[in-house]
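Read through the structures below before going on.
Two complexes follow with chain A in common, the first pairing it with chain B and the second with chain C.
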Partner chain A sequence: MNSLIKAEGIEKKFGTVNALRGISLEVSEGSITGLIGPDGAGKSTMMKIALTLLKRDGGSISVLSVNSDNDKTFIRQNVGYMPEIFSLYTDLTVEENLNFYFTIHKMDKQDYEKKRERLYRFSRLEAFTNTKAGSLSGGMKQKLALSCALMHDPKLLILDEPTTGVDPLSRQEFWGMLHELKEEGVGILVSTPYMEEALKCDFVYMMNKGKIIGEGIPENLSEEFEGSLYEFEIPGRKPQEFLSELKQIFRGDSVFMSGKKVHLALRGAEELSDIRTKTTSLDPELLVRKKVPELEDIFIIRVLAEGSDGND
Partner chain B sequence: MRRIMAMIRKEFHQIMSDKFMLRFLILAPLFQLILYGYALTMETEHVKTIICDLDRSSISRQFILGISNNDRFDIIGTAGSYEEMETNIRDWTAVIGIYIPPEFSRDLGKNGQGDILAVLDSVNGNQALTAYGYLKQIAAESALELAPVHVKEEYLSKGGNIRINSHYWYNPELKDQDYMIPGIVVLIITIISLMLGSMSIVKEKESGTLEQLMVTPLGKVQLILGKQIPFLLYSFFELIVILKLAAFVFNIQLAGSLLSLYFVISLYLFTTLGLGLFVSTLAKTQQQALFLTWFFMVFMIMLSGFFIPIENMPWALKLITYVNPLRYMMTTVREIYLKATPLVSLLDQVVPLALLGAGIFIASVLKFHKKVF
Partner chain C sequence: MEMIDDAVINIENLVKKFGKFTAVNNISFKVRKGEVFGFLGANGAGKTTAIRMICGLLEPTSGDIQVSGISVKKSPEKVKQKIGYMSQKFSLYTDLSPERNMDFFGDIYGVAKDEIKKKKSFLAQQLDVPSLKSIKTADLPMGFKQRLGLACALLHDPDIIFLDEPTSGVDPLGRREFWEEIYRLSGMDKTIMVTTHFMDEAEYCDTIAIMNFGRVIDIASPDSIKKKYSSANLNDAFIRAIEMDRKKMEDN
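Entry: the complex of A and B
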């Protein structure tokens, strides 16, 4: 597989803030690479550096096999990009938007009909041809934006949180489209704050505070976890009520909330009975279960581990 | 080229899709023209006056003293002949010429009536009219003082014995609109091009579409041209409408060549669209752009000589007006509009205008290039 983006030790500062601290990543043809992490992790910054929209302060990067310092124009012209906020003309219709991006990208008018038909079939936007882009639903908007980004058949797609704020059904549909594109051999770099979407990627990079804190095939990431994970629950009580007590007991280990439960990650393997003995002082109704870690657990465990290493 | 066309087409689609804005863009200037055309009036102070006194009598000196003591008039010199005085008015060194013929005091003594000729450059109709009013008053006052010596009682009851004959040049009917309309035309063109020019790129910035455009093969030059040409075309369209309206409502015809007018306006649009581009690089939101645009606009209009004659400004402000493109524009358009002055005679106005336009536009493009790309 050809590598479409190859970044090595990318650094970026905004004033005194270190937005990126040595990011290395790779995006391959025919695969979906995910950047997961909270807001402010540096996902958008990394994408903009790959797109040559931002200058990096250190490291090296090649995009589409060209050096991004010398071939800005080439990169900009051959990558499909969807920014974080909806960036089409809301006062133009679906058709006008498509036509505009087509004309800007391609010179051959004959191709337009074919292209348009294909994208309409792909995005199911045909019924909305004359609707103003601004009055489309969130999901529709994103499909239109993707269609516009695909206008020039890019080999590489960079999508910045394309499904944030989109309803679950449209999200699913959108990911379906991405998988179709992947089958066609397009390389996709996509960022998302949703862990369940990370599972749909072929490879993920976990980002936090400008660093990559974990990377791998999503399924493997949870399997690679060497410690053990336990889940605590007290029926009828909120997790924040007993979180601090658990933190007291398991000082030095990762204790965090997960939904209505509190999770405890231990570095080594420990017997369930040992955990039970340690927590006898708590509410007698406390339930403890051993749990297979999910991607979200892995992410939080790594974030907490980073923090305690004093790398901040 | 097709990319620029695509940009232009897109801009027009956008303008057309906003029905409110579209109506506003068409109606507002017309409204402004009619309203300002009727409503704006001018004050008269320090009118440059040249004296040609061929009588050289105590009466004529008395009259001249009356003028020089009045704040409304600034005597800038004396002329030895009628022709010399006329030249001064023609080349705009003086606005009023007062010609006292050699037989003035003799006629006054003999017939109780002497004639003085006041020649007024009434391109600024309001100024000319007010100035004329003051002249009559001064004439009446000096006659009153002199009357016991030279004139019989019965003439006094009729008011002034010194009769002023006036000839108005360029604006014979003394219509204020004749002076105002060309100025308003320039103002409207300024407002439209500056506003639209500065808002359009910022709008793309604000909505994130600029970022999207940057990852297309669209070049910076194509982007700038694609953004500015629609407003250039629109400004010209508006100009045609305004000229027609001015002719229809105020019956003011363009005296000079339409081509010259278009030429200077094109030069001028480089300045305003360039400034718009400059604002685009500074502002992040349309709100900021609006404030910046207003700053430039008010500055340009106040120091253009439209409301306050430049001659009346303190020297520091006067200096600043030299870098104000609107200053040159006001003069040039009035000259072409009312006097049909050929461009060749307006080089002292057109050359600075062209230089300013080129300078501002190039600087803005460079700044845009550095900031945005």
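Entry: the complex of A and C
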């Protein structure tokens, strides 16, 4: 498979802050590569460097097989990008916004009709074609901006948290669309705070404090966890009602909510019976199970262990 | 209609039209004192529009809301004192420091100076930062901005709190911290109405309402909603609820 982004040891400083500390990553044709990590991990910075919107302080990178120092214009013209903070023409209608992006990318008219129809199926904005973008709801604006980013036919797409504020059904439809693009050979680099979306990627890089702290096929990332994970539940009670008690008992370990349950991550192995003994003071109905960690668990455990930084 | 005596919010036949377009189409429901009420729905369903009417920021086309027994239509100013509102793209002054933001919002609500000071040090302690003075709000990580937004909405100590997508754009850890704060407030008997597109968060609510196309199509506990749509999780239940409602509308 052809590689569309190949970055090696990327460094970036903002003043005294080390935003990126030796990032190496690769994005291939016909695949979806995910970037996950807490606020301030450096995901957006890495994306902007790939797009030549920011200068790197060290390392090397090639995008679409060209040297990004010499061919900035080529890269900017041939990569589709959806920034985290996007802008729409709020006094133009939905249709006019789409049409604008079509015009600047000099697309074929027939191609436009086809794309437009596909994008409306996802965004459900067809009934709002004549509505001014400024009076759309938050999620509708996000979907319109996404549609604009997908309006041209790039080989490489860079999407920075594209589904923020998008409802669960539209998110599902959006990922269906990304898969179609992938099948057509497009390479996609996408960041997301939704772990269920990270699972839909072919390959994931987990970032924290400017470094990559884990990488692999999403299902395999959880296998690298060496400690043990336990799950607590009290039928008919909410997790917040016994969270703080568990935090007290397991001070120093990672205790966090997960849906209706509370998860406990221990660095070493500990017997289930020991865990039971330690929690006898809680509700007699308390259920304890050993659990295989999911991606979200791994994310939280890793970040809690290292702490996170605060700037992106 | 079911009787709920301890309703602090009572929405009756609420309608909002923008020109010919009906954004909120005759919704009625009650929210009980002290509950965490999750307001879910498809994009554009009308959640933000409904919340803005409940908070007295947008005039309904018809219908009314009682907040703690006070009609929003008759006394919007009285209602505003009782509620805190954090908007979807909340309006902090990003070029000011967090401290100045709190002063500003405190002034608007006429909160006493020493009370503001107390709240500032509480927030600094929660966020584990030495001071809220020397940084620009724009430079704060998203999770911190949301917490500051919440602190500003709480300055006048309201009984009822409206949070419109408080965790959009916040990472998994930040979202959990935010929810722990929601529970702390709920434990103080405050009523909280919150919108979210994260279905694991909806799981933490006492009651959830799902909106589609201006209407409330479901209102029940998370468990009953999952049962109704025979789904193992709320994400699947949500998707089914919206798909079924769309199908019903197309058939009509």
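Definition applied: the second predicted complex is superposed on the first by the 218 of 312 C-alpha atoms of A that agree within 3 Å, B and C clash if a C-alpha of one lies under 4 Å from a C-alpha of the other, contacts with A are read in each partner's own complex, and residues count from 1 in each chain.
Note that in this section a contact is a pair of C-beta atoms (placed from the backbone, for glycine too) under 8 Å apart; a residue touches a chain by one contact, two chains touch by 3 or more.
Model, not experiment: these values are computed from the prediction.
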| item | value |
| --- | --- |
| Which superposed partner A:S3 touches (first chain B, second chain C, both, neither) | neither |
| Which superposed partner A:Q240 touches (first chain B, second chain C, both, neither) | second |
| First, second, both or neither for A:S137, with chain B first and chain C second | second |
| Touching partner for A:I104 - first (chain B), second (chain C), both, neither | first |
| Residues of chain A touched, compared between chain B and chain C (which is higher) | C |
| Contacts of A:N18 with chain B and chain C, given as first, second, both or neither | neither |
| Chain B versus chain C as contact partner of A:E196, first or second or both or neither | second |
| Touching partner for A:G37 - first (chain B), second (chain C), both, neither | second |
| Shared contact residues on chain A - chain B and chain C | 84 |
| In the complex, chain A residues that touch chain B | 51, 53, 73, 76-77, 79, 81, 83-92, 96, 100-101, 103-105, 107, 132, 148 |
| Chain C-facing residues of chain A, complex | 37-40, 84, 124, 128, 131, 135-140, 142-143, 161, 164-172, 193-196, 238-240, 243, 256-260, 296, 299-300, 303-304, 308, 310-312 |
| Chain A contact footprint on chain B (complex, rising order) | 2-3, 5-7, 9-10, 13-14, 17-18, 207-209, 211-218 |
| For the chain C and chain A complex, residues of the former touching the latter | 18, 21, 41-45, 48, 88-89, 139-144, 165, 168-176, 179-180, 183, 197-200, 203-204, 233, 235, 238-239, 242-243 |
